[in-house]
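Should a chain be cited, it is by its letter among A, B, C, D and E, assigned in written order, with residues numbered from 1 in that chain.
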Amino acid sequence: MAEALHWIGGALILAGALLSILGAVGVLRFPDVYTRIHAASLTDTGGATLMLLGMGLISPLGFVMLKLLLVWGFIMLTSPAAANALANAAFGAGVRPRIGTFQIMGEDKPGGSGPERSGEGTAS
Amino acid sequence: MLVAAGVAGLVVAMSLMIVRAMIGPSHYDRILAANSFGTKTVLLIALMGFLFGRPDFLDIALVYALINFVTTIALMKFFRYRTLARPLGAMAREAGKDG
Amino acid sequence: MIVLETLYVATPALTAQAPILAIVIPLLGACAAAMAPSARAAWMISVAAAVFGAWMALAVAGEAMREGVLVYVLGGFDPPMGIALRIDAMGALMGLLIGSVGTLAAVFSGHSLVAEVRPEKHTLFQAGFLLCQAGLTGLVFTGDAFNAFVFLEVSSIGTYALVAVGERRDRRALPAAFNYLIMGTVGATFYVIGVGFLYAATGTLNMVDMAARLATLDQSMAVQAGFAFILAGLGVKAAMFPLHGWLPGAYAGGPSLISVLLAATATKAAIYLMVRFMFEVFPQGAAFGEAFLTWVLAPLAATGAIVCSLQAVFARELRRMIAFSSVAQVGFIFLGVSLANADGLSASLFYMVAHGLMKATMFMALGALALSIGARRLDDFAGVAREAPWTAVAFAIGAASLVGTPLTMGFLAKWGLIEAAIASGKVWIAVVIAAGSVLTVIYVGRMIEAMFFRPPLPGAPRAKEAPIGVLAPLLVLAGLSIWFGFDASLIEQLSQAGAARLFEVRP
Amino acid sequence: MSWIASHFNYVVVVILMMAGLFIVFSSGNLIKRMIGLAMFQTSTGLFYITLSKVSGGTAAITLKADSETGRALAAPLDPAYVEQFGVDGVVYSNPLPHVLILTAIVVGVATLAVGLAIAVRIREAYGTVEADEINALSRVTAEQAEPSP
Amino acid sequence: MSGPTIDANFALNIALLLMLVAIAFAVVRTRSLLAAILMMSVYSLASAAWLMVADAADVAFTEAVVGAGASTVILLGAILLARGEAERVNWKLMIAPGALAVVVGAVLIYAAGGLPNYGDPASPANSHVGRAYLEQTYGDIGAPNVVTAVLASYRGFDTLGETVVIFAACIGVALMLGFGPRATLAPPTEIPNDQHVVLRVVAKLLIPLIALFALYVQFHGDLGAGGGFQAGVIMAVAIILHALVFGLRATMAAVPVRLARTVAALGVVVYAGVGVVCIINGGGFLDYDYLFSPRIEAMIPANLLGDPSHEHHWGQHFGILFIEIGVLLTVSATIVTMFYGFAGRTLETIEAERRG
């Protein structure tokens, strides 16, 4: 039984790690801030949930379980809030999402349109 | 072994995040990368606890989650101020009289 | 001849705790000053704590003379596991210098702060001042290499801000303080790196234990690098010649109170720590150490003594002039140290004390004049001797001691150095000292000429004699320079005992 | 193990230190210089911690060797190794550098705060935090103080 | 190197260090101050992860709260007023610092050849005093966390110095950025938070939790990673979060500037006071075995900490507890003072500008 739990837990952790990598690739490749926030926050919470669940299955101790639960709670509470705040700040600063067709695989720079530039401008 | 693979995966994801933080281009991307890097560090530290056999160090992961949040809020707040700030030269002159 | 024991009266219980009380009482005083309701109260706390600290330093000096080396174990754990204070005659001498100058500066602060610092900052300023004093005392008393770093930072971190407060008079104090902070921190970090190397080689942080273990090791690259980094780091703090860039601005820019304390003690404490590492921790007679003293320290010190004296000659601002002179004098002190024998070290120690007293006198006199004229240029001080004769005389005594006029402490100090250099067969060092002294005569001559023999500039603000609260500590300082010029037995006892012990331990 | 593997940490730590030192002395921006200083100090901490690591060791919070964690920690190690370098059956890393670096980190943040505070005041007094502009303005002040002969 | 665990350890060691190098180069290259600050925050996170690999749990804890938390917030406060970009530096001016760095680095790397291998259990550093602490702590002090024991008891004097350094920084920042009489008169015009309902709700939930967690870290310090310093920063972070979300004015009303400064001084008094009490009871400074006179020590119930069979060093237990409280007070008050200084200075100047 314990052996099986161990393997399931390990598999969940691995799945979480893969999700994290996926998210990181998304953050690296997506065209604008909002899609990147989307990629990061979804996979952060999702990956964290999977991993912490996996650790919970491996973990033998009660107190460790509690802490894992707390870490999970924290991430669930803070990661979306931070993503919300970030998107809010970006929007407030005048960064507009890129809508329409553009080359996903191409240059990662903002396509010369004003809004994102202005975001950089306020930032610097 | 699977835990070790999970750790490796996280390290890869963290490295990608560093790349994003380096290339930007806007500061929001950097903040996003830093925040996401933080979340992954939390997970990494928790996992390392299991990998090295001392899971009681989850406290540190907990602190990370917390600090990461506050830092992100501070950054966000920073932008709110910047958008309101008027040209800085005038402000400094005013302050100079005081001090 | 003064016998140290007659100078202090304390119960045996208090004497036994004197080393730690000399550090902790100023510390607690700093906390009290930070919480004080008014500037006046903070000043009284400051004076009381400084006086108590000086009294304890006196007790430490007496005990150190009696027992040779005073060891005070902290926390009940013997070194190397615990931290111990370890005070020999040399450390006691430094403690005494810090305590006495600190006390006089604290008295002086009552009036000088009013003129130089915004009133709501007085309590904090006094707190920072006491922290600096506590940190310096801890630095010279501790026997633990890492603990020394902690106290180095205790004395520094508050000081950076205290120097920057001088912006009220001259905004250049701010970049000067920033520069001081950068250089000071880089120096301290170099020191930490060096201690790290020594720790890697010996596994201990206690200086005595470290010395014992180093003596059995061959000098690997790691050990040598450790020493190089420690000496370079402390060299920055001590304003050793090429690393002195922070000093003139910091001394010239800070409020007078801070210039008095720093000029008299801060660089001296760093030099003292360097001396301890060079002769106490590092195995004597080792090729690396010898090479350092002969080929690095001595030439740099000589260059510094000459170059910075020249810079002082050509400086136009009075405080900057004195600050450059300080770097030059550090060169003299290092020249004595580089002789690597008991005579040279003892002469250097004596010189440190003499220089501390004279520079404190000069900066304090300038602070007293700053109460009435906020001047910087040398020309602005023209003719001040007519309006403020006592202050000017005190300044002149300090300056005379700096030149090395007979019947002042500076004369004995310079004489001792030259004698030691000749006795060691290094005549060129004696020549450098003499040449530096000639340059000193030139710039001191400019100061004295302006103050005493020139008529005041038309339309310039007139100087006024300082109030008694400022004049009293100033005259005491000037008086000490004269007194020790006649009878220096107290200082000589301590410096000779300290130097002799270092070179007897491992001949 | 080859030299580069066994001393890899030192090399990296030195590179980090020098990156910090380079920023401190090459940058004209006071805040950037403080960032460099912080990096320099932090990497000194890494140097000490590198010294303190013991292979197969664990954090210096005592465990019972017969507890589950204790057994798990000792399992992959050679018993003779544990016998020689362990304390009561568990191998720990050296706690002393940890203590020192705790102190150093605190000193670092204290320095950072004071340095930045001074930088902010400089910004208010000079209107810039670029060293060369400050120097130029200071020179003006100095010349006001001492009119050229 | 033996066993898979250690190999994983070593691999992680290398990976994280390489990450640090990459971040460091990014910091060197960037001219944007904000980017540099962000990279420093990431640097702290990565170095703390590395510290976990090197078994320095307490240091990792501190690095997390200080490097990623406090330092970042302070740096942000400092660049509020500064230009966001550093001036481009003429490459000629980089030659001397570059040469300096290369020379010093070369000396260090060459000298590092004389240092023991990474992880060497028999190196002098790991065998002399360091090992003695591991062997003797439980008997001398009775605290499982050797780092806390060394920090608070064996080298308690260092930690007193550390607390004083923090206090000195508090004084320094207050001297530089303290509040003049005008600042207290300024009208509270906080930036509206209307769009941040989510944030405010979350913050309201979190702040008491964080404070509670700080207390846990505080009192758990001799059992696990943590202690007064970390707890102090966490406590300050709770207050900073309050200020960030609900505005500085509201926070200053709850924790006035002067109170913070007084508490900072009080913490040092508590710490040094413990030492002085030890002296009065006949021991040396900070010798906690003399913290209680025998009469008081006899009054402590033997089963206070559960196991009455183990011989307890009550003085050590309580001494560590008290000084850690002192550290907590000083550190939290200082970090709050720093935040007030940097953030408040900006408010003050912005308001001055608005009036002018």
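Note that in this section a contact is a pair of C-beta atoms (placed from the backbone, for glycine too) under 8 Å apart; a residue touches a chain by one contact, two chains touch by 3 or more.
Given the structure is predicted, the values throughout are model-derived calculations rather than measurements.
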Find out how few touching-chain steps suffice to connect chain C with chain E. 1
Kindly list the shared contact partners of chain B and chain C, in label order. D, E
Farthest chain relative to chain B (centres taken as mean CA coordinates): C
Farthest chain from chain A, going by mean C-alpha coordinates, please. C
Among the chain pairs here, which one is joined by the most contacts? D-E
Whole-Å distance, chain B centre to chain E centre, using C-alpha means? 17
Counting only Cα atoms for the centres, state how far chain C is from chain D in Å. 29
If you average the CA atoms of chain B and of chain D, how far apart do the two points sit, in angstrom? 19
Inter-chain centre distance, chain D versus chain E - centres from mean C-alpha coordinates, in Å: 13
Flagged in chain E as touching 2+ other chains are 4-5, 32, 34, 57, 81, 83, 108, 112-113, 115-116, 123, 125-126, 129-130, 133, 155, 158, 161-162, 165, 168-169, 172-173, 176, 180, 199, 206, 224-225, 349
Two-or-more-chain contact residues of chain B, please, as numbers and ranges. 7, 14, 27, 31, 33, 52-54, 56-57, 59, 62, 66, 68-69, 73, 80, 82, 92, 95, 99
Give me the residue numbers in chain D that touch at least two other chains, ranges are fine. 17, 21, 24, 51, 58-59, 96-97, 100, 103, 107, 110-111, 114, 117-119, 121, 123-125
For this entry, which pairs of chains touch? A-B, A-E, B-D, B-E, C-D, C-E, D-E
Chain C contact footprint on chain E (complex, rising order): 107-108, 110-116, 123-130, 132-133, 136, 140, 153-158, 161-162, 164-165, 167-169, 171-176, 178, 180-181, 261-262, 264-266, 268-269, 272, 275-276, 279, 283-290
Contact footprint of chain B on chain E as seen in their complex: 4-5, 8-9, 12, 15-16, 19, 22-23, 26, 32, 34-35, 38-39, 41-42, 45-46, 48-49, 52-53, 57, 60-61, 64-65, 68-69, 72-73, 76, 80-81, 83, 180, 182, 191, 199, 203, 206, 210, 213, 217, 220, 224-226, 230, 234, 237, 240-241, 244-245, 346, 348-350, 352-353, 356
Residues on chain A engaged by chain E in the complex (per definition of touch): 77-78, 80-81, 84-85, 88, 92, 123-124
Which stretch or stretches of chain B touch chain A in the complex? 1-3, 5-10, 12-14, 16-17, 19-20, 23, 25-29, 31-33, 35-36, 39-40, 42-43, 46-47, 50, 55-56, 58-59, 61-62, 65-66, 68-69, 72-73, 76, 79-80, 82-83
Can you list the chain D residues touching chain C in their complex? 17, 21, 24, 30, 33, 37, 40-41, 44, 47-48, 51, 96-97, 100, 103-104, 107, 110-111, 114-115, 117-119, 121-122, 125-126, 131, 134-135, 138, 141-142, 145-146
